[in-house]
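Both complexes shown next keep chain A, but they swap its partner, so chain B is in the first and chain C is in the second.
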Partner chain A sequence: MSALAASVSPWQRLWSAYVRGTVRHPALASLVPFVPVVALWALVAQSGLFPPVFFPGPAEVVQKFGTLMANGILPAYLEDSVIRLAAGTAAGLALGIPLGLLVGLSDRAHRALWPVLLFFQAIGDIAWLPILLIWFGFGLTTMIFVIVYTVLFPVVLNTVLGVRSVPLELHRAALSLGASKVRVLWEVVLPGALPNIMTGLRNGLGFGWRALIAAEIIVGTSGIGFLMFDARRAGSVVEILLGMIVLGVLWYVVDSWVLAPIERVTGQRWGLVTRHD
Partner chain B sequence: MSVPRLVAAAMFVLPLLALLLIWQAVVHGFDVSPRVFPAVGAVFQAGLEAMQDGTLIRHIGASLGRMALGTVIGIVTAVPLGVAMGTNRAVSTFFTPLLRFFSVLAGIAWIPIATLWFGYGFGAITFVIFNAVFFVVAYNTLLGVTGIAMPLRHAAASLGATRWQMLTEVLLPGALPNIVTGVRTGLGFAWRGLIAAEMIATNVGLGYMLFVARDFYRTEVIVLGMIVIGVLWLLIDRLLLSPLERATIERWGLVRAA
Partner chain C sequence: MKSLTIEHLQKTYFDPFANKQVTAIRDISLTVDAGDFVAVVGPSGCGKTTMLNLIAGFLAPTGGQIRVDGRAVSGPGPDRGVVFQSFALFPWRTVLDNVAFGPKMRGVPKARRHEIAREYLALAGLSHAAERYPNELSGGMQQRVGVVRALANEPDVLLMDEPFASVDAQTRMTLQEELTRIWEQRRPTVVFITHDVNEAVFLANRVVVLSHGAVLRDIAIDLPRPRAWDVLIEDAGFKTLAAKVLQQVRTA
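Then we have the complex of A and B:
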């Protein structure tokens, strides 16, 4: 036992302590790797390899975070961005799921709409910005429209896939047991398509997120994207870096508090993933 | 082309033609101002003009050139890095959250700092495309390599596979479906990043063409640009990504051929 202990270097012992710690507190595993990165960042910034104007250190960013929180700019912009994303996503889901059900269930609708859907999906959200600016001007409508558009297509296309993946026997079984068409829709088709709908939502949010940043940069009234681009005009790298970090953290929060729990619930119930106890 | 394929192609084009008719009917019927939405003929006319004076080709060339360069550099650097990080479990558990964080930011969020570091122009735009592809592909490669069953690697090692054979015959093929997924997602982000960056940071390219047309309320040029962007992405998807997916993912039995 003592011979074995002697052959383990302090580094290995530290590592195994870390691994044990991450098992007990999973959040640790996603936080600790950032420590050396931030340290390296501070070191490079300190060394003066790049001019400090172009490459500020973490201390300045934290300080900036403090000031922007204190004067209320960051909370206000963050609220604007999150509300836009949430409203756009909700509208995208409300339009996308029924449309996906229609195209998935009806052959006629599929034949008529599928090529059109593919084409509009290919145009991409950001290419709509110039004409939206002509239609709606620089404002909230333009931004919400872009996000709805971005979220809509991944949701529709994945809902169609999901609906079509529900075996026909299940439809027939439910119908022959006397279920009405509405009940089949509600209790067979929709639950069966749910995992795909979640995939669509995840993809849509990934794209919608980026569309929001682009829209805020170009429309430029408020929001995290605007904060970053305004800072770029003023040449303040500190605020740009702060904006990027806020965006990254925000996505982590949305992912682990909203998307992952829903996916766990839907995926587990349909037996797509096994529960880890 | 065989008759059934011809019919299928016609069935695909028919709804799009119908859309064209509806567009024309609405613009005519409701007397829509060309400053709000152009007529089909005006867009066609704008397309012809832009083809004749060579501007359209120049914009498309600039956009596709940036896209190709950024994508190639991104894939060439991301795949080796992803494999290197994925081979060792300790290294991969360490890097996974980092790469996840950066793949969330990949693309458009880098536009402000890229334009500051590289100035407005070619460098900044190519950098945005590069990092959109790089982080997503590296993250997916890492996931792919760590997802290879350990017994497979042990079996290859105990049968005397050299490191090179391990790399080319176990790790890379095993991670390939994930790499291809990464390339698809990364290209999707890069394409949007390209259009957005061109609106902000350059004087040539499709995004610029659209954004300048907005200044003069030339909706026919905007709609032309949108159609070109849509068609180009469909071509990238059909001619590049779909064959790649067929060749890799279907070979590994993950999706059935349609």
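Then we have the complex of A and C:
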């Protein structure tokens, strides 16, 4: 017994302090893992291995962030990108969920549409850009089309999966309790498919965000993607790095402030999805 | 509570892989009186679950007719409550809202349907679990919810498809005793499918033995009520009836 209850090593003590600290201050858990990343970055930048213009350090990027915030360029571009993403995602969900329900519930719709869906899913977002630029030109329509298209497929395919994963007995139970077919859709199919719809939304948003940056680089009038590509023209590596960091941070915010809380109160609460916290 | 009449029920499937018709129900005629408790037993493949699915309206018969209170069955409906082997509770609804689901579909206002649900939960000793989600309950408790959810909708006939087959042996005996107690209090009309002969004899007034999609025997169970395992497990009358039913099932 005494051998098993051996002394706690300093590393274990540190680990224990960290784990307990993250419980009291959850933000620590999101920030601390980045400490070594930023430290390594600063170290390499400091070492003089690369010219500072090619490889600026964290301090320069933070300074640039201050400048672009102060002159209003970064907030304005960020707003443009986020609004495009939000509008595209909303439209993608509005089209994707009903289409997914149809294909998931109707065998005929599934037979007719599934191969077509798979075909068009393969023609990824960016592959549409050449023809979209000819049809719609360098404008908002092209960018929204790309985002809607990108969000649509993961939402449709995952909704279909979700609808088909609802056990037959739940349909039967609802019908035997007096539910009409429309009520079954609302009371059984939608909530049953929700965890998968959330997965679709998560994937769709992730792909959509990437597609938006690509579209902004090519269509290029404003937005984070435009900021980065414009910086390349000016040879400002600092601005490019800043853009990359903004992308990462923004995704983290969307994930932990929007997606994760929804998942906690739905699928995880209902025991349909395994908790991992 | 209304009676259930089954007349020359028949069900065949087409098996596209074997390219032939398969007979699940050959010819079943059966009348279940209002307030009766009928258990249906038989070896696997005898058609007992198919029969229940036909009564529930989940499947359409290829011949014959099923009537509840004189009305022909043409699909699932709230006049026939179903308790499933897999419980089939809605994971996204609390226990209270699961039980209140039937009344909700009937348009009963929220306060009233929650009142009904609480009354039925109390009947099964589940009042403390009202606000919990199904996945937070044990299998035995989930099936108690399954039973009162069906009862709270006040069906004419309660259909139970091997409802206690997936809980442990001790819990099963408790659930059986609770079901007889509830049946004695409320006297619902019950059709209870099981492969467990002791369970059938313990619960029912009549045990129907199916064989190859037809009724082999219809045995009256005249054991006194209330019934409890402590008493019946040693009871000569129970043992004789159980042996009689078992013999029929094994020759089926």
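In this section, the second predicted complex is superposed on the first by the 254 of 277 C-alpha atoms of A that agree within 3 Å, B and C clash if a C-alpha of one lies under 4 Å from a C-alpha of the other, contacts with A are read in each partner's own complex, and residues count from 1 in each chain.
Please note the rule applied: contacts are C-beta pairs under 8 Å (C-beta built on N, C-alpha and C of every residue); 3 or more make two chains touch, one makes a residue touch a chain.
Please read all numbers here as calculations on a predicted model, not as lab measurements.
Clash-free side-by-side placement of chain B and chain C is the outcome of superposition onto chain A.
Applying the stated contact rule after C-alpha superposition, one finds that A:Ala112 touches chain B and leaves chain C untouched. When both complexes are overlaid on chain A, the residue A:Ser176 reaches chain C alone and has no touch with chain B.
Shared-chain residue A:Thr266: touches chain C; no touch with chain B. In the superposition on chain A, contact is made by A:Pro191 with chain C only, not with chain B.
By the touch criterion defined above, A:Val37 reaches chain B but does not reach chain C. Touched residues of chain A were counted for both chain B and chain C, and B has more of them. Legend: residue contacts after superposition of the two complexes on their common chain; A:Pro167 is shown touching chain C, with no touch to chain B.
With both structures placed on the common chain, the touch criterion links A:Ile147 to neither chain B nor chain C.
In the superposition on chain A, contact is made by A:Ile131 with chain B only, not with chain C.
Note on the composite model: angle chain B-chain A-chain C, taken at the C-alpha centres, equals 90°, rounded to the nearest 10. Closest approach of chain B to chain C, taken over C-alpha atoms in the A-based superposition, is 10 Å. Contacts from chain B toward chain A in the complex involve residues 11-16, 18-19, 35-37, 90, 93-98, 100-102, 104-105, 107-113, 115-117, 185, 188-189, 191-193, 195-196, 199-200, 206-207, 210-211, 213-214, 217, 219, 222-223, 225-227, 229-231, 233-234, 237. If you check the complex, the residues on chain A that touch chain C are 167, 169-170, 172-180, 183, 187-188, 191-192, 194, 266, 269-272. Residues 56-58, 75-78, 80-82, 84, 86, 88-92, 101-102, 105-106, 133-136, 149-150, 153 of chain C are the ones that touch chain A when the two sit in their complex. The part of chain A that touches chain B in the complex is made up of residues 15, 19, 22, 29-31, 33-34, 37, 54, 111-116, 118-120, 122-131, 133-135, 206-207, 210-211, 213-214, 217-218, 225, 228-229, 231-232, 235, 237, 240-241, 243-244, 247-248, 251-252, 255.
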